[in-house]
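Following this line, the structures themselves.
The two complexes that follow have subunit A in common; it is paired with subunit B in the first and with subunit C in the second.
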Partner chain A sequence: MSALKNSVQKLFYYPSAVFGLFVVFLLVLLAIYAMLKIPYSEAIRLWRGGEDVWYQNPKFAAPAWINYFSSEKYAESFAVKTDDGSLSSEFTPGAEGTGTLVANHIFDFNYDTYPQDMILYFTSEFAEKQPFVSLEWLTPDGRIVRIANMAISRQFTYRFAQDEKLKARLKTDDIIASLFSDPETGSPIKGQYQLLLTGTTFEPGSLINAEFVFHGQVYGLAGTDHARRDLIVPLLWGAPIALAFGLIASLGSSVLTMIIAAVGTWYSGWVDELIQRITEINLVLPFLSILIMIGTFYSRSLWVILGATIALSIFTGAIKGFRSIFLQVKESMYIEAARAYGASGPRIVFLYLIPRMIPLLIPGLVSSVPAFVFLEASLALLGLGDPVLPTWGKIIQDANSNGALYRGYYYWILEPTVLLMFTGLGFAMLGFALDRIFNPKLRDA
Partner chain B sequence: MSVVIQPIPESAVAPKVSARTSTTLRVSRYVVVRLLTLFVTVVIGIYLTIMIANMGGFVDTIMKGEIRDRVTQMIINNPSYQSMEQEVRQKLIQDTIAAEEERRGLNVPIAVRNFRYLSNALTLNLGRAINMTSDSGSKQVSLILLERLPATLLLMGISQLFLFFSSILLALNLSRRYGNFWDKLVVTLSPTSAVPPWFYGIFLILIFAALLKVLPFGGMVDSPPPPTAFEYSMSLLKHLTLPTLSLVLSSFFLSIYNYRTFFLIYSSEDYVDMAKAKGLPMRDVERKYILRPTLPNIITNFALLIITLWTGATITETVFLWPGLGRTLFQAIGLYDIPIIVGSTIIYAYLLAMTVFLLDFIYSLVDPRVKVGS
Partner chain C sequence: MNATPNKLLQIEKLELHFKTRAGAVQAVDGVDFELDSNRAVVILGESGCGKSSLAKAMLRLLPRNVDKYEGKVFLQGAEVMAFDEEEFRKNVRWLGISLVPQAAMNALNPVIRVGEQVAEPAVIHLGLSKAESMSLVHKMFQHVGVPLDFVDRYPFELSGGMRQRVALAMALVTSPNLIVLDEPTSALDLLTQANIMNVLKRIKHELGTSFILITHDIATSSELADEVAIMYAGQIVETGHARDFFPAPLHPYSQMLMASVPRLRSDSDPMFITGQPPSLINPPKGCRFAARCPFRFEKCDEEPPMFGKNGRKVKCWLHA
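What follows is the complex of A and B.
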């Protein structure tokens, strides 16, 4: 036990180990935060959600913080609605069951780019007579632009950019740009804009609810993808999945490898021979191709792939390394003593041989985590990622198949890759330092 | 240590002939046993691959469904069959489906077919692909694979050979003065090899193709291919740069680090100190006392490297749209093209078995301590 403590203390002599530990610690925190903040079922619902879940977000929006680094300021997204009062509204009943709803939204626009789109979603309640809505747009330089007058059905969506009448009236093809710019110069005007919505209902009990969605060019902490999904969900949830996959795969394969090597060396004879033959056959099998085949033909579930990965990683070169050390350990005095007092085979294997090897197991275990984490990402990149789970690899694949690099959506590919890179480097650095501590032969070298 | 020179006893010289025959016997017995075990290994490995590739028969269901769909569509849409009686046309559809299934061998039970695949594969009779064709239009698996081979050999050859030789040379250099700045740098940077090549590929594409716009995103040559040989090779070189760089980057530092540690362990041997004490020039010490005993390991690495040249880099090739074997294999899996999957696996398995077999003999050639079959 004190040896272990000693080893942990030695770890702090290595700056790379400290960095590695720090990264692993942060990842664990991130994973815990992700699981607490977004429960599993909610994460799946969000990740698999379509337009109905994500309609409030713009497509391909970079994260909002790029405005701090960019001289050109990108419009930020927002959404307000009358239901929760974020879009302020007042309803005044009139004569003969009629009513008037006045809602206005005043917002600052201090950006150099136009938003992607502006949309109004209406829901209304009425028996026979449809409510009527008119929209006005007030610019900072004092102009009032009449947008539209329309009767609305129970579910009604008004898209500013697609209103042909408005296009004709404003004599423009790009309504959004025209609404935000100076008619003389054509450049954007910064300042306070106001959307004024006046609705009239013609029946007692008739209601209008409105939601104003402003699709800017940037969104949130992580931006959005082609399906308007907030990338923060897969970025956060990628952490626990990557950690689980990497740790279970490396723990499973290295522990099983060690047990099998110990059993083989202890019983020797045909058991040992069989294990060596299986290792040779496994060497012939194309690892990645088999995983691709399993992904394509059988199941793309992460857990099936995990099982196959572990199964294929047991009988590898590592088994020979363990075997040669076990052969030495087998001749030690304490094993002979155990044999003399009549310890059974399994007892010697599990209580004498294997505990002796655990210190040697740890560095390899930690060092092999990145390989498995990247394996998941590699399979996802080939389109064989888990169809349900949000992972970092899936983001890279989405980005890659939507041409993120060609079209300049660098944030989309950089966010998951940077996280994966840190994960890989963190574990690798920690593993390297552990290797030097547990294998003193390497330390001076 | 005093060396006592003993006179060679007569008895040690006399049975020279019998020693030679016993060596021949030992080696030939070893060769036979080794070849047999390797062959059985290859057979089992290939059979497992075939079973997985067949998905226990499920791929058949997929292919049968596809044939049924295609044939039915074809016959229904063909105007010359429109006037046929419903029953006659149904009969025609069934017959065409049966003929097509027979052509692909789907009417034979799966177990029998697996063995047929196996025996064909073992005799390197790779057969015809199911869905894929080579660029020249052939369905021969061997032609498809041969067509993609140069692309993979070019990419993997340049990157792996460069990696091999540069890391050995640099490692030798570093082991000579370990602990200096460059040595520490390599040790510090060696964890970067935890990141796979395609990952570096994405970053390199981002920097050199998307931002700087100096190198292409992917592919092998410009489209359309340049007419003259010089322009063609320049275009090839341009396309080759990023994939090669990413393959090299992803294992460069770890490879140097491994060789360096390896050389250091060997250069701390007593006989190396002895050679240095004798005042031998450093060049000789390195060549004869450090490199020589490490030769078996270096040769093993080189042999394994040659095998990786054949397999290609599936994901890196996919990221860079490089028309090599690795990407072909990935495409073949996507198209359920079992002959191609089996074909590339069998060649890999044979190469590996051959290498493993030959290495034993090469060891005994370069290292007099090693005896074949002992």
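What follows is the complex of A and C.
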């Protein structure tokens, strides 16, 4: 124990180890936060959700914080509704069972770009007579634009941009631009806009609920993808999945490799021969092609791929490396002494050979974590990602298949990439420092 | 010769040959040997004469290049050469015979605390729990004179002498009847050597253990020895009681070996034996020492048998 404590203390002499530990620590925090903030089932529901889940979000929206770095300010998205009072409304009963609903939403618009879209979702309750709604648009320069008058059914969606009558009245093809710009100059007017909604019901008990969705150009912390999904979900959830995949694959394959190498070396003879021949065959088998075949013909589940990865990573060159060291250790006096006092084969393998190797195992184990994290991302990019789980690789695949880079959606590629790079950097730096501490050949005098 | 039950150890025509590219090395070539309980025998001989191989052959600790491994070994009347590997491991190693290996200070697992290390044989063979074995370890540490608070140390935290004692404690922990000590004091300073010898004497006295002490250190070994066996070129050339042997060795090789020990305050130079021991790959036909022997005569071209005389045995035509 004191030796382990000693090694951990030594870690802090190396700035790279401190940095690596810090990054790994942050990733672990991120993973824990993700799992607490968005439970697994919720994450899957959100990731697999379509328009019905994500209708409030714009498509291809960059993260909101790019406004801090851009001279041109992009419109931020929002959504308000009468249900929860975020869209303020007042209902006044009138004569003979009629009623009037007045809802208005005043918001600041200080951006240089127009929003993608504006949509009103209505739900209403009535027996026979449909409620009636009229919409007005108040601009900062004092104009009042009449938008539409319409009877609304139980479920009714009004899309500003697609109203042909409004297009004719405003004499424009781009309603959204025309609503936010000066009719003379055509440039956006900044200031307070107001949407005024006046509804009339004609029956007692008849109700109108409205939701105003403003699809801006930017959204939230991470932006959205082609399916309006908030990228924060896969970015957060990618962390525990990447860490689990990387750590399990790395730990599983290196520990099994070491045990098999130790068993082969100790028992020698045909056991060793068999292990060596399997290794040599496995070394010439195309790793990625086999994974692609498994993904195509059998299952793309992350856990199946993880199992296959571990199985294929056991009999690799590492087994030869371990074997060469075990062959040396096997000849040491204390092993012969252990044989002399009657220690059985398994006891020698697990209590005498393997503990000697653990210091050499740890650095390699830590440094191989990013390789497996990248492997998962690469498989996702090849279309072999888990169909259910939100991972960093899946984001890159979606971005790639939607042409994110040449359409200028850099955030979409860069966010998961930066996280992948940090994961790699953190584990690599920690691994290098551990190697220096545990590998006697690299130990500082 | 059949097994005599009252003998602790009987070895008959034990042979251990190693395969090498140049041919078979006859490291142990027809060794006969007997030992009673509570006796210490010292096997003396120069480097490369097969002493350590004899120890390994007794415990069946064979390397991979064994060419021939034959003979009979009776341990308390039981023919252990007939045991299979697993039986041998369970019954002979450490329950019958313990070994303190050559350079015993390196014989400790560097990643196990010495307390646990000493307990290992007891855990393996007696199936003791950790707590039970620890009290045994404490007892063993007292026997060999290791401070009890050393149980939690790692081997590298101990001095060479202490490690030697720990290795000895490990050999004692299953209370075997016979302990083979392969050069137990070779790497230690004189004071520590004396100390270890005293420990061995006390253990022999208190526990009634028998020892086979393999060494080339004649002076130190004479402290403990009840009997002496001289080994030359894979064979035992002389055996006898220590009190008879040390004043008057019979075999010319034994005589010259004894003469090579430097004497205190004497003007005479220590003797040395000219020439080299014969190659064990292709040993000479007759007496193996003939080539270096000053008393050589015609008979020496034939291999001499063991001649018995007053409880002493010697493999030399001079004593026919």
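As a working rule, the second predicted complex is superposed on the first by the 442 of 445 C-alpha atoms of A that agree within 3 Å, B and C clash if a C-alpha of one lies under 4 Å from a C-alpha of the other, contacts with A are read in each partner's own complex, and residues count from 1 in each chain.
One rule holds for everything that comes next: a contact is a pair of C-beta atoms (placed from the backbone, for glycine too) under 8 Å apart; a residue touches a chain by one contact, two chains touch by 3 or more.
Everything quoted here is computed from the prediction, not taken from an experiment.
Q: Quick check on the subunit A-based superposition: subunit B and subunit C, clash or fit?
A: After superposition on subunit A, which the two structures share, subunit B sits beside subunit C with no clash.
Q: According to the stated criteria, A:Arg300 is in contact with first (subunit B), second (subunit C), both, or neither; which is it?
A: In the superposition, A:Arg300 touches no partner, neither subunit B nor subunit C.
Q: Which partner does A:Lys330 contact after superposing on A: first (subunit B), second (subunit C), both, neither?
A: neither
Q: Scan A:Tyr341 for contacts with subunit B and subunit C and give back first, second, both or neither.
A: second
Q: Please work out whether A:Tyr410 is in contact with subunit B alone, subunit C alone, both, or neither, and reply first, second, both or neither.
A: In the superposition, A:Tyr410 contacts subunit B only.
Q: Could you give the angle made at the Cα centre of subunit A by the lines to the Cα centres of subunit B and subunit C, to the nearest 10°?
A: 60
Q: Is A:Phe427 in contact with subunit B, with subunit C, with both, or with neither (first, second, both, neither)?
A: The answer is first: A:Phe427 touches subunit B but not subunit C.
Q: Is A:Lys190 touching the first partner subunit B, the second partner subunit C, both, or neither of them?
A: Neither: A:Lys190 stays clear of subunit B and subunit C.
Q: Which partner, subunit B or subunit C, touches the larger number of subunit A residues?
A: Comparing touch counts on subunit A for subunit B and subunit C gives B.
Q: After superposition on the shared chain, which partner residues are touched by A:Ile396: those of subunit B (first), subunit C (second), both, or neither?
A: Once the two structures are laid over each other on A, A:Ile396 reaches subunit B alone.
Q: Tell me which partner A:Lys167 touches in the superposition: subunit B (first), subunit C (second), both or neither.
A: A:Lys167: touches no partner chain.
Q: Using only CA atoms and the superposition described at the top, report the least gap between subunit B and subunit C in Å.
A: 11
Q: Provide the residue numbers of subunit C that touch subunit A in the complex, in ascending order.
A: 59, 61, 64, 89-90, 93-95, 98-99, 101-104, 106-112, 120-121, 124-125, 154, 167, 170-171
Q: Which of the residues in subunit A come into contact with subunit B in the complex?
A: By the definition above, subunit A touches subunit B via 16, 20, 277, 280-286, 288-290, 292-294, 296-298, 367, 370-371, 374, 377-378, 381-382, 396, 400, 405-406, 408, 410, 413-414, 417, 420-421, 424-425, 427-429, 431-432, 441-442, 445.
Q: For the complex, which residues does subunit B have touching subunit A?
A: Those residues of subunit B that touch subunit A are 37-38, 40-42, 44-46, 48-49, 52-53, 55, 58-59, 178, 188, 190-196, 198-199, 202-203, 205-206, 209-210, 217, 260-261, 264-265, 268, 311, 314-315, 318-319, 329-330, 333-334, 336, 341, 344-345, 348-349, 352-353, 356.
Q: Show me the residue ranges of subunit A that touch subunit C in the complex, using the header's touch definition.
A: 3, 268, 332-334, 336-344, 347, 351-352, 355-356
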